[in-house]
Amino acid sequence: MIREDKPHEECGVFGIFLRKKANVAKSIYYGLNALQHRGQESAGMAVCDTYGEKGNINAYKGMGLVSEVFHEDTIRALPGNIGIGHVRYSTTGGSSIENAQPFFLKYLKGTLALVHNGNIRNAGEIKKEREEAGYAFQGSSDTEAVAARMIRERLSSDTIEEAVIKVAGKLKGGYAMIVMSPKKLVGIRDPLGLKPMCIGKVEDGYVLASESAALDAVGAEFLRDIKPGEVVIITEDSFKSELPFTRECRAHCIFEYIYFARLDSRIDGIEVYEARIKGGESLARRYPAAADIVTGVPESGITAAVGFSRQSGIPFQTVFHKNSYIGRTFIKPSQEEREEAVAQKLNIIKSVVRDKRIVLIDDSIVRGTTIRKLIEMLKSAGATEVHVRISSPPFRYPCYYGTDIPSGNQLIADNYSKEELKDMIGADSLEYMEIKDLHDMVGDLQVCKACFNGDYPD
Amino acid sequence: MIREDKPHEECGVFGIFLRKKANVAKSIYYGLNALQHRGQESAGMAVCDTYGEKGNINAYKGMGLVSEVFHEDTIRALPGNIGIGHVRYSTTGGSSIENAQPFFLKYLKGTLALVHNGNIRNAGEIKKEREEAGYAFQGSSDTEAVAARMIRERLSSDTIEEAVIKVAGKLKGGYAMIVMSPKKLVGIRDPLGLKPMCIGKVEDGYVLASESAALDAVGAEFLRDIKPGEVVIITEDSFKSELPFTRECRAHCIFEYIYFARLDSRIDGIEVYEARIKGGESLARRYPAAADIVTGVPESGITAAVGFSRQSGIPFQTVFHKNSYIGRTFIKPSQEEREEAVAQKLNIIKSVVRDKRIVLIDDSIVRGTTIRKLIEMLKSAGATEVHVRISSPPFRYPCYYGTDIPSGNQLIADNYSKEELKDMIGADSLEYMEIKDLHDMVGDLQVCKACFNGDYPD
Amino acid sequence: MIREDKPHEECGVFGIFLRKKANVAKSIYYGLNALQHRGQESAGMAVCDTYGEKGNINAYKGMGLVSEVFHEDTIRALPGNIGIGHVRYSTTGGSSIENAQPFFLKYLKGTLALVHNGNIRNAGEIKKEREEAGYAFQGSSDTEAVAARMIRERLSSDTIEEAVIKVAGKLKGGYAMIVMSPKKLVGIRDPLGLKPMCIGKVEDGYVLASESAALDAVGAEFLRDIKPGEVVIITEDSFKSELPFTRECRAHCIFEYIYFARLDSRIDGIEVYEARIKGGESLARRYPAAADIVTGVPESGITAAVGFSRQSGIPFQTVFHKNSYIGRTFIKPSQEEREEAVAQKLNIIKSVVRDKRIVLIDDSIVRGTTIRKLIEMLKSAGATEVHVRISSPPFRYPCYYGTDIPSGNQLIADNYSKEELKDMIGADSLEYMEIKDLHDMVGDLQVCKACFNGDYPD
Amino acid sequence: MIREDKPHEECGVFGIFLRKKANVAKSIYYGLNALQHRGQESAGMAVCDTYGEKGNINAYKGMGLVSEVFHEDTIRALPGNIGIGHVRYSTTGGSSIENAQPFFLKYLKGTLALVHNGNIRNAGEIKKEREEAGYAFQGSSDTEAVAARMIRERLSSDTIEEAVIKVAGKLKGGYAMIVMSPKKLVGIRDPLGLKPMCIGKVEDGYVLASESAALDAVGAEFLRDIKPGEVVIITEDSFKSELPFTRECRAHCIFEYIYFARLDSRIDGIEVYEARIKGGESLARRYPAAADIVTGVPESGITAAVGFSRQSGIPFQTVFHKNSYIGRTFIKPSQEEREEAVAQKLNIIKSVVRDKRIVLIDDSIVRGTTIRKLIEMLKSAGATEVHVRISSPPFRYPCYYGTDIPSGNQLIADNYSKEELKDMIGADSLEYMEIKDLHDMVGDLQVCKACFNGDYPD
């Protein structure tokens, strides 16, 4: 319920190549599980045994969480030493199994599997070219268009990486992809670095993943981030890197640091946890508040709240108890009691808030329904003042790189002034992080701020 | 269990076009259910509302029986006034959902759905041509190759029927297909007439089906069989027939009359029930037996047994009680008790057989395990003699037109003499219908006898 | 659909005692499957290993068919060499798992399991006595009342059979029961012989079953029927029979011969198949018809039709094709098309009936909806006359012994004259078997005719 | 995985009585969900409509979480304005549906439903008395024995509360129960106050619950704790309280404050959150450590860690990221990698711990496997020292009041000295809360410390 009221990341990707007879499906399972926060709609993996006879790639995917899609028997039915996996939250392409990944294509030269995080802005053109040659698409995602183009390109290329680079040269947008042929793993990241991907080392092999937390989950040592525009090719004998698309300019997605990524990940040289702490500290400096305690909306506001507390000296307190048993099948209150659903998920530790002035930190406001309810609950429990601090600037522009921010009239920051919004949610004060202060979070890292200022990188 | 020991038909097709706002999904459901005997592995349908805005075709398919795949809610989710459906028993292409039909393709000019009964002998060529253009196939069936070729042809054709005819001109093999575009239904039957298809009339529309029994199930009046090589095009305004591929020679599959088709169907001018009765009469003339009672192996041997009784004057008796509750989930006896499974399915009415000489009719012998067990049961129950009469000639050659007869060393008739076989199954005499006597069943109809004599039509 | 329009039997019971280390659960499974026609609402079994340490009885039951309730793993989880099983169609007690059998009670002296076919007329008294002692019942069936009374009686008895006999002495009604303690199997049949039960022999043991067909299913040799009022006690060392309740008068249920029992069973000295043939012959003598062909409503009218044909010389023909794929999950036509459902299940072989006068045999008429539809279908297909002959007298009185005949205003025979009924169903003539002619079916066997004449035995 | 290595509470109870036409099932659902942490094995509820005709109590229960057992349709099928509910973790009685609650008994005077948290030490005697009267028990729980005794007592009592009090007078142990008749709700708490229960007020009615957090979940206002030995009777017209069993001595379970209860509950006058904060402060005073940061094992060690930080001045840091997607169906690492499972659930934020001396707080140690793994992970991530502080004294004695502490040789504190244990888990120092310091957590409240010192109250 709370999660529904947030921007959405669309995907997490994972790849592994072990240079020995091995079964990697369970590692992919753990890796995907560590990336589950990046997408809960569907999960899938494709696996191949390079020591097997024929290079058959086997794949399995389904709607739901990793632990719902895969069970002991499905894992066992996917033998092999190389593989890729994917968790998805739909952006383009509807929510259906046809759009679940990996895309897995049998074509003239064999089989190819592909996983993708991001959004291809010119997917329509690529799709149309293929359709004019008589191609029929199963689903509606941009990823399938890319995969179809790659197999066509492969027919006139010497290697899979050659085909990948040819196609990538035509793509516009943000992406992190892993392509698997029966003998190779090819990872590629867009030239602006919009979408994250890193590489790790295990004994006898390599691991690629959207976030370093997934490396930890399989016991891999973090080597480095894949560079923007870099292509890495992993085979039985070699590890190669090419940089066909390097550019000066970078545009790393700032929302990875604010909300998307796991607290324990490290992306493009920056620790997510530290960035959030610093965001809270920055807020406290720019917009202090006279209060007795600081707290955060679980889970995403907690770390910035600790930072705010550290900078301001106002003690941090746990205020909300989160009921972790509320899952997908939980019967939600009826439409008219929509806000009440929040109360089933979060309850207030009343003794902590009674007669207190509170600073409440959250990472963003989309529709504002959740925070309004929480403030109401705090006041009912005896809080005298509630000062809201948001650890990101307000959303004013849609994202075209694969992040699902409710568009147009749903963007509350676009329709109301800060003052109006403050009154609507019942806060005693409301402040957002300033765009100029994002520097406090990530230092000199070049980030994409398009959702705040409309300045789209390309 | 008994069914496993028989040749297999692979498919049934059904199509309906109502010229009014209507929901045909339930009619397709009933039609497919009436064709269920032609394939139990998967079922599917595709439906379109020609009065809707955009001509969206919706499809649904799954593994299992029609009544397992479709429920009230799936039927409701398929609105529209035209549609096609399919039941499948796999011949080429493995048993998997990718090969289930209808094939449903979204391509440049829209959508196309296709159902197919039969086997395309040159599917490999057709598939290869498409793959060389970069096409990726989802499954391994010949039907998908045909569908992919049709959408390619459609891009350079004015109408869907033009594309269908162009592609059909290249096909070798036996087939009955129905192609659906959002505005048309196109039915086509191979020039030799190997696979059956007929057309019926309902108020405001037309119905196409593999067998006339499916017309009865939806209250349609039988109009006529589709002619070999005929293409029928049904639209909102017109019903057209073309005959682009007519030939002198015909080769209707004789096994439709012997075993595949429903007793209550009428195919290419001949009543199936009458053909089976006449088959039994013919056997009784050619190979009489001195016996007290005649009976048949349920269900397929019963009608020929009635014919044998009628000709010979030996009374017909029900001898086997069939337990109709034994379904798919029934726990079968273990491997070593394989034959015992027959006894769970069929039990003998002992008072009828005690001290009797019995004529036992079956339609065919594939592995011989079932009939051996039945004879053993009859003798244990006190039968003094068992004379087996088979209402078809022995299989000696594989079928290349879409019928699954266990090949090579499984063809018992090919490995053993009739005398040896008689002893193996424990019969007191064993006779098959003579190839020359098939004429008694179907009169002057030109039938394919390749599985008996290796004389393949082309 | 057709079955719904028939009287219902409520149960089948099965028991087995092997005097060696063995697993009988699979045999019980096959036995219950052979009795499935006697009840499809729930199935269950209880098994004990007399060679095990502690005499634990394990039980498993569920709603649905035997093959739906039990799978390989449930069977494996029920080890032991003695056991009982049950299939149920609810009469008293609603349709719920609490009323499914075996009843399985843990009490002071151990455990007891019980299966029951029949109806206890004074169950209310027995139940009340127990409730006054503070007993709480799980469900609402009369069987649970009997079981609760037995464990109470067992506390003051030396043996389980002593308790069974004490309780049986108090029961009024018709019943066939098997009681299992961890060391014994006790079978008992009511003094009038209303409900059937027989005993068979396997190597190293004995089998009890409602019908002899279940003995065949497990390879047991039929020994004899359990006598009315007999109690049999099977232990490791002995087989004992007691006759504590013998009476002169008998009242075997006539409907076992007309409809309930399997064609291949033998009950109280009479072959079911022969009885039905003779019933048809009797009808033909009493109520002949000028016709071209004779046929029966599948399945229950077929055998009597063969008898009618044999006596009258009018040839028997298969007229209805039954679609055996229509199961529980089949989507039925909507309420207003109720009768149409029959047409999905049964289709007419039109060539057989065109221009023919037909004798149509069925075993009974309850609501008349099915036969009306069939006659309409026959006439549409070209039949010139349809003469209906029913192989039982009309129902006029409810059954109090465990058979579910729709009561009161649903009994069509009670509300309309034969002439009115003939017109309602559209027949050209309608005749029922006369009560005095039942003698033709079963000879001198004393049968209960209460449902026809209201003469209730007691 | 982490939870497995903790003592277990067995149950949560909930009851509601609305004095108007209403459906309380959804409120019970929310209430049970708020109590889910008290038991995850089974869930159930029983509901009655006092405005209905006949006072039928309907019940539904199943294995699993509240949200797995109940869905929209099961909730809808339970209409009524009064009801009780239960979540269970098995202590006595195995893990099976027979032992799930509510117990629901139909008896001579009607129906009775009962939910129970606790353990009846003399349940065996009570059960035996009933068995000698011929009673058969469905399951093996002590709760069923109590329920059976209550219906017996009810037969000779004027009111249900009279029966409840009579039976309660015989019980030994700790319990909080709610008994429902079709017109009344009766709540009772053991004389020592071992198990918690409180009462709240909603418009038009009352709510009873194990913890106040469940009152919050249904919008009820907390009134007060039920007193030890108190019986409350809620009817349409009245709210009565009786104190038949008051004693001087109290023995509230200390583990509610340390671990069981939700952070946001208030039990017997003490805020759980405050108690845990104070526990951490007490530990910091008694056993300070020279360290750079303080952290806690999620979730249960976090609050005490905040207290430790507050007292010591050492900053609190989030160190572990908890993957909240790991649920019941998650495929765990194989047996030999048992400890690795912890790493899938908790990952370390490495930048926080590198080169740091850490105080790690947990609420208890049972087997020690989890904490050993966490310390190993901390050290691998660069922590220089790890000082473990446990916010409870070591377990040395089993609990006989319904808490499942692994007994005998599993009690690690009983088998090893603190020094040995410190080495086994790899800590640099290890200290437990002293029994004498429990006073710091709960002030003058009389608590049961039997699991620490063997001094069992009675």
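Chains here go by letter, A, B, C and D, matching the order in which they are written, and residues are numbered from 1 within each.
One rule holds in what follows: contacts are C-beta pairs under 8 Å (C-beta built on N, C-alpha and C of every residue); 3 or more make two chains touch, one makes a residue touch a chain.
No experiment lies behind these values; they were computed from the predicted model shown.
Among the remaining chains, not one touches chain C and also chain D. Between the CA-based centres of chain B and chain C the separation comes to 37 Å, rounded to the whole angstrom. In terms of their C-alpha centroids, the spacing between chain B and chain D amounts to 63 Å.
Residues of chain A in contact with at least two other chains: none. The touch graph of these protein chains is a ring, one cycle where each chain has exactly two neighbours. Chain pairs that touch one another, listed by label: A-B, A-D, B-C, C-D. The touching residues of chain A, when paired with chain B in their complex, are 105-108, 128, 130-138, 147-148, 151-152, 155.
By the touch criterion stated above, chain B contacts chain C in their complex at residues 26, 29-30, 33-34, 36-37, 40, 65-68, 70-72, 75, 213, 216-217, 219, 262-264, 266, 271, 273-274, 299, 302-303, 306, 310, 315-318, 321, 323-327, 329-331, 343-344, 347-352.
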